[in-house]
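Paired with subunit B in one complex and with subunit C in the other, subunit A is shared by the two complexes that follow.
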Partner chain A sequence: MSPVKNMKVRNFHQAKWDEPIIFELGNKGERGILLPEIEKEIEAVVGDGVSKIPKHMNREQAPFLPEISQMQVLKHYLRLSQETLGADLNVDIGQGTCTMKYSPKINEIFATSPKITELHPSQPISTVQGILEIFYKTDLFLREISGLDQFTLQPASGSQAILTMSSIIKAFHDYNGENTQRDEIITTIFSHPSDAAAPAVQGYKIIDIYPNQEGLPDIEALKEAISDRTAGLLITNPEDTGIYNPHIKEFTDMIHEVGGLCGYDQANANGILGIARAKEAGFDMCFFNLHKTFSSPHGCGGPSAGALGVKKELIKFLPVPLVCYNGSEYYFDYKVSHTIGKVRSYYGVVPAVIKAYSWIMSLGKEGLEEVSRIAVLNNNYLLKKVLEIKGTSAPYAKGHHRIEQVRYSWNKLTEETGITTEDITNRMVDFGFHMWSSHHPFIVPQPFTLEPTESYSKAEIDEYIAGLTKVAEEAYSNPEIVKNAPHRSVVHKLITDSLDDPDKWAITWRSYLKKWKNDRI
Partner chain B sequence: MIIIMKKVGLIINPIAGMGGRVGLKGTDGGEILEQARLLGAIPESQNRTLISIQKLLPIKEKIELITYPEEMGENIAKKCGFQPTIIGSISKGKTTRKDTQKAAKDLLDLKIDLLLFAGGDGTARDIYDVIKDDLVTLGIPTGVKIQSAVFARNPARAGDLALSFLQKRTIRVREAEVMDIDEDSFRKGIVRAKLYGYLTIPYERAHVQSSKAGSPETENFAHQAIAEEIIENMETNYFYIVGPGTTTRAIMDKLQLANTLLGIDLIYDKKLIANDLNESKLTHYIQGKKAKLIITPIGGQGYILGRGNQQLSPDIIKKIGKDNIIVIATRNKINSLNGQPLLVDSGDREVDELLCGYIGIITGYREKSIYKVTL
Partner chain C sequence: MNTKKTLIHPYIPNSVPEIKGKMMQEIGVDDIDELYEDIPDFLRFKGRMNLPDPLLSEYDLKRHVNELLSKNTTCQESISFLGGGCWQHYVPAICDEINQRSEFLTAYAGEPYEDHGRFHALFEYASMMGELLEMDVVNVPTYDWGQAASTAIHMATRITDRTEILVSETISPDRLLIIQNYCNPLLKIKIMKTDYETGKIDLGDLEDSISNETAGVYFENPSYLGCIEDQGSKISSISHDNDALCIVGADPLSLGVLTPPSNYGTDIVCGDIQGLGMHMQYGGGHAGFIATHDEEKIVMEYPSRLFGIIPTVVKGEYGFGDVTYDRTSFSKREKGKEFIGTAAALWGITAGVYLALLGPQGMQDLGKLILQKSQYAMKRLSTIDEIDILFNQTAHFKEFVVDFNKTPKKVSKINELLVKKKIFGGKDLSKEFPNLRESALFCVTEVHKKEDIDKLILGLEEILN
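After this line comes the complex of A and B, so read on.
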């Protein structure tokens, strides 16, 4: 009997607190902090601190904030945390495409050290040499990893990095006097949605390429798409299918032949660090998500950073300032001849950069490569085991290894039992597993995407497989238990119909009261 | 507490599906049915309907199941454990499409909340003839021919979706195509499908292929975006031939022009020239003029020509030319093809081959996909 068959799922039960919204808690006049009265001697020197504010800037009413004690606040958020399946709690490989990995706690200590938190971005350069050194060296590391010539750490997310690439494409064609003519960006349907959305925000027309039968972007379709109107290519590789496009150099060559630029979305770089580089694939630009691949927590788990690199011909378009070193001092370089300007305030998301820097330093060159090799090994072990589960399949590239993740399908199971991927997602929660529910672009029927990264042990992967196996067996033997899941979670079942309907949204408490309670604050 | 009973109508076409097992392609028409019976066909509809309505047993006490006698619903409803309300009358063992239509009319008059019907494309057509968009309906697939999008993927999923709708877990509805083919041609191996209309069916994310990729709202937004793109790029000296479908309808709606959902409309300079043109009238209008054609894949199989838009004859396509054919479709519609190419079947090999290769599909405002077209 294989170890996976011996592995049992946990008898998990999530805490349920019926916790109100924080605005519904507390009492009028209750306070978390009582500030002391200003001392007379101090007031005599600096004034009361309020009267200097111009009258027109004073608000007439106090802000509508919860009035609540510290202890209640603490309990409130602790209860909420118990009602989630966070990255530190569950085996999070079901959140494929997100590169869930261990974010070392020591790096949190670095980032939250007063040496960092007490810094101000407007301090004199001479007093912030340490953090500038970290920025500069992170840039150097990423140059080695990508083969490109200069990085900016200013973009605060992957999508903002794509927007920056798109801005550079525009600036490049503007510089060459071809901006009017070149108004099309090509991407692939399996690339990340922002590869289309960000250039669309810039005003570009978007052309996307569908995959061929092998799951690779159809090169014949690319030939049809390119023209003298092509401004550039923005593409993910490997795509979320986990298939690496071996023809990627042909793609970039074809774009270059018609005068376009190539931007590489490396959000899926976790299986190719130290193995394949943007430079050799022919890219002019690339970005890495420091908050995914380089271990800084991401999404709701922590601030993000999209580190963007370019080859030397494009350095003149990068956002300012660049962090440089003159042999004795780190400094900001604002003299970038054709800069696109700033893409966010100041210099970048400092905590994310610190954590990524620390992670790279702790692993070194060999360690980074080992990260990728273990991530790929874990993924292909998982692939083999998942395909042994009744009702699963892995569309495309049959018999081939995948890189760091796989987009699977429950279609056979759905056809045979009526149980859908959404039902399975709900049932997995009963065993303490989170399963991601976004599998853009939904070409694969009844999709689920798994990405085990290097962080998960074989025992954890086996436990996850045991969970999937159990739920699949239930789908065939006792479908009602799956259909009616979750049974041991905070809420029974979410009605998600309203998620697509802006008329039903209320994204703040104030708008909720206004929209649904007819109450104006 | 007052429990408001939901009224659920059930119509079974008892002979649907009988042709399939004995190698006939459908049971429309008395002779064929007799032939099917002689070949030993047995009714498939009853057992498949049972699978579907069993899913409603958990809310048995909260619904009133209303159906027609004997094999049109009564038998299977009782077998399943329901105590159905029986209306109407039939000649046992000799039901025809008129019985289906009569039952649909009676149930429509009773203002039911949901009509479940079991059959194939012919049954869907009969239901459509009576119901139009006056009721929410859902097809339980029991027939040989299932091209219409009004059917759930299988009987079990029809039951799940009906349950979800009746429990108000899903409250959304969408328009779904009623397609049927010419059965005489079909038995000779020639497939000719026609778009008859649209029925309103419940919609739930989990029950559509592209779960979470789209919804009635997002589809509507996508239609608007496509229409905007088309209208913005309309050239003044061209006739625009607007093919059938809800995607193309959005263009006409945005231009505030009267349109036919199932027919071919013609506009020039953003003004209506004519509605619902057949081949000869269309030829008359565009003879010697420059024209562009706007079409969308009809049904779930990806045909851009030859299904539901046969008015667009090979001669017309030749005259317009490949470069003047504008294909539009929402991403959701393309994704639902699961990677299968678009198809053409104009009836003329030369024309079909002309259109094969790669084509740009307008999928949104300033967005297009390059997609393969094959025979």
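After this line comes the complex of A and C, so read on.
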């Protein structure tokens, strides 16, 4: 009997506090925190301060905020935190594409040091040499990892890095006097939705390349798509399927031949650190999500960071400022001749940068390579085991190994039992797991995407497989228990109709009171 | 990973040779390299990444990073009067306690079951912001004020089906750069003039500039230069008379004492929540909010996640979910509204904690305290002969412009001399607002004690005399 078969799922139950909405807590007059008293001498000089404001600008009615004592505020939020299944607690390999890995605690200590938190971004350069050194060196590290020539750490996320790439593509064609004709961006349907959506904000027409039978972006479709209207290509590799596109250099060459630029979405580069780089694949730009490959935690959906690198020829378009070093001092360079301006305030998401820097420093060259090699080993081990589960499949590239993740399908199971990916997702919760379906559109039917990264031990991967196995068995033997799941989570089956009904949706408590309780109208 | 001896990195459990061997055996490979067979040889990186030797022990890493951090001098070690987009406010201990909780810190994109707490906390954040702003719809935070303003502008253009936006001259220049890039090339940004006597919007210029092509009028209150814009009702009337929307960038910390923009006819309010419980973090603590009334045609134009409260099959149990998910690029890619992805959710949760702690009285106290302290600083500064306070007749909140043009010394020089006295002076405006020449934007908040302000006065007197 293999160890996986011996592995049991947990007798799990998530914390359930049945916690009220914060407006239902506290009492009039309770205080969560007090502010300093105004000094008598100041009051003597300026009075109450408020009477200086024109009367009609005074707030007449205090905001209807809760009034709660401090410990009760703490308790409320601690309970809500317990009702959230963080990656520190679960075997978070079910959120494929997102590179859920260990975010080292020591790096939190750095990022929350007053030596960082109490810095104002407009302080004199001489007082921020430490943080600028971290910015500068992180740029140098990422140059080594990508082969590109200069990074900006300004974009606040992968999506914002994509927008920045789109802006640079536009600036490049403006510079060459070609913008009027170049109005198309090519991407692939298995690249992140923002690879299509962000350039569309800037007016680009989007062409999506679909996969061929092997699951690779169809090179014939690309040939048809490219023309003198092509502004650029924004593409992931490996895509969400975990299949590395061996023709990627042909793709970038073809785009270059018609005068376009190539941007590489490396939000997730976890399988190929030190193995394959943007430069050799012919990319002009790439970005890394520091909250994915480079270990900064995901924070319930940010703060995040998308570090964007470019080839020498494109440095002149980068957002300002760049962090530079003159041999004795780190400084900001605002003289970027054709800069696109700015995409985010100041210099970037500082805590994410510090964590990425520290993570790279703790691993070094061999460590980064080991990260990728083990992430890929874990993934292929998981692939083998998942395919042993009844009802699963891994569309495309049969018999090939995958890089860091795989997009699987429950389609067979759905056909045989009626149980869908969504049902299984909800049932996995009962065993302390999270499982994500996939980005829309669901090209792979009943999809689920797993990515075990380097962080999870074999025993943890085996436990996750035991969870999937258990739920798949239930789908065949006791589908009702899966259909009505979750049973041991924070809340029971949601009634979701009102989320799309303008008369019923309630995005704030005040709106809920009006629409559902006929109150405060 | 280490050829000299078997060294297992603490972040990579399956590096243990025995485990690695078992897993390789299971998948039938002799070498991990075989797993990369699909990457053609010519694309394999043959060089060597030139990275520093790793600091494998946590202790060595800590020594190294702390050494770097020690090169920074903080606003706790000096007195700072810097603002202009990032502000020093007091952060209650519980804000840090909550945003450092493992569950919130490391969760990502779970479903509203296992991540119920994440949805709940962000719904409460939106709800408390809604009370502060007197608006019924507030988004899950975006990156920062710049993005929030950019999106508010795009929303206005979609709602009105027009492409031109009027933006006040006294907006943060950095924010304007963000907006311009985001709106390029589809939208036209026109600058409307400021009355440099008052620091407020030149209504005559607004009337002249607005047209049937104007989708929206965007201004900030208080303005980047600290002036309270008290013509909001007129501005929104002019906007609405021209079928344009009124968009206001507001400082949420002012709203305990200032009337919320919704009360003077604003259609979309946006801004930054950094001051609501986030440390400055060298500009790393920003997150943007967007708020509107609950009208379907407006709600449907948000690109953001919007979390709504819903029932479950158990009576009385609160659940949450995504309101009109099909609007988003997650659902519709380029056919969705703008784009959505990871942004700054943890700061939203934190801002909720902050608002819950302060409550109605705390927000009023805070606003009043900031007014008193900044007014005291302005008053004391105006006693120095060589300097003037600009727009002195206009009410200010938190920030104000100090005019140094009467002195032969440049702001940069004055600030350099202040640093020696452990004071970070106001932000030099000479490049951002060349028309103000040698001026600086000073910021005074609840963190400044009388003695801090007095030290600034003394320091400036010594430097200028």
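What we mean here is this: the second predicted complex is superposed on the first by the 463 of 521 C-alpha atoms of A that agree within 3 Å, B and C clash if a C-alpha of one lies under 4 Å from a C-alpha of the other, contacts with A are read in each partner's own complex, and residues count from 1 in each chain.
Just so we're on the same page, a contact is a pair of C-beta atoms (placed from the backbone, for glycine too) under 8 Å apart; a residue touches a chain by one contact, two chains touch by 3 or more.
Keep in mind the model is a prediction, meaning the values are calculated, not measured.
Within the superposed three-chain model, A:D218 lies in touch with subunit B and out of touch with subunit C [touch as defined at top].
Residue by residue along subunit A, subunit B and subunit C are tallied for touches, and C comes out ahead.
By the touch criterion defined above, A:S296 lies against neither subunit B nor subunit C after alignment on the C-alpha atoms of chain A.
Residue contacts after overlaying the shared chain place A:Y210 against subunit B, while subunit C stays out of touching range. Contacts of A:V491 after superposition on the shared chain: subunit C is touched, whereas subunit B is not.
Common to the subunit B and subunit C interfaces on subunit A are residues 196, 200, 206, 208, 439-441, 493, 495-496, 500. Residues of subunit A that touch subunit B in their complex: 189, 196, 200, 204-211, 213, 218, 220-222, 224-225, 415, 418, 420-423, 437-446, 483, 493, 495-497, 500-501.
Only residues 153-154, 156-157, 160, 169-172, 205-207, 209-213, 215, 217-218, 331-332, 334-335, 338-339, 357-358, 360, 363, 366-372 of subunit B touch subunit A when the two sit together in their complex.
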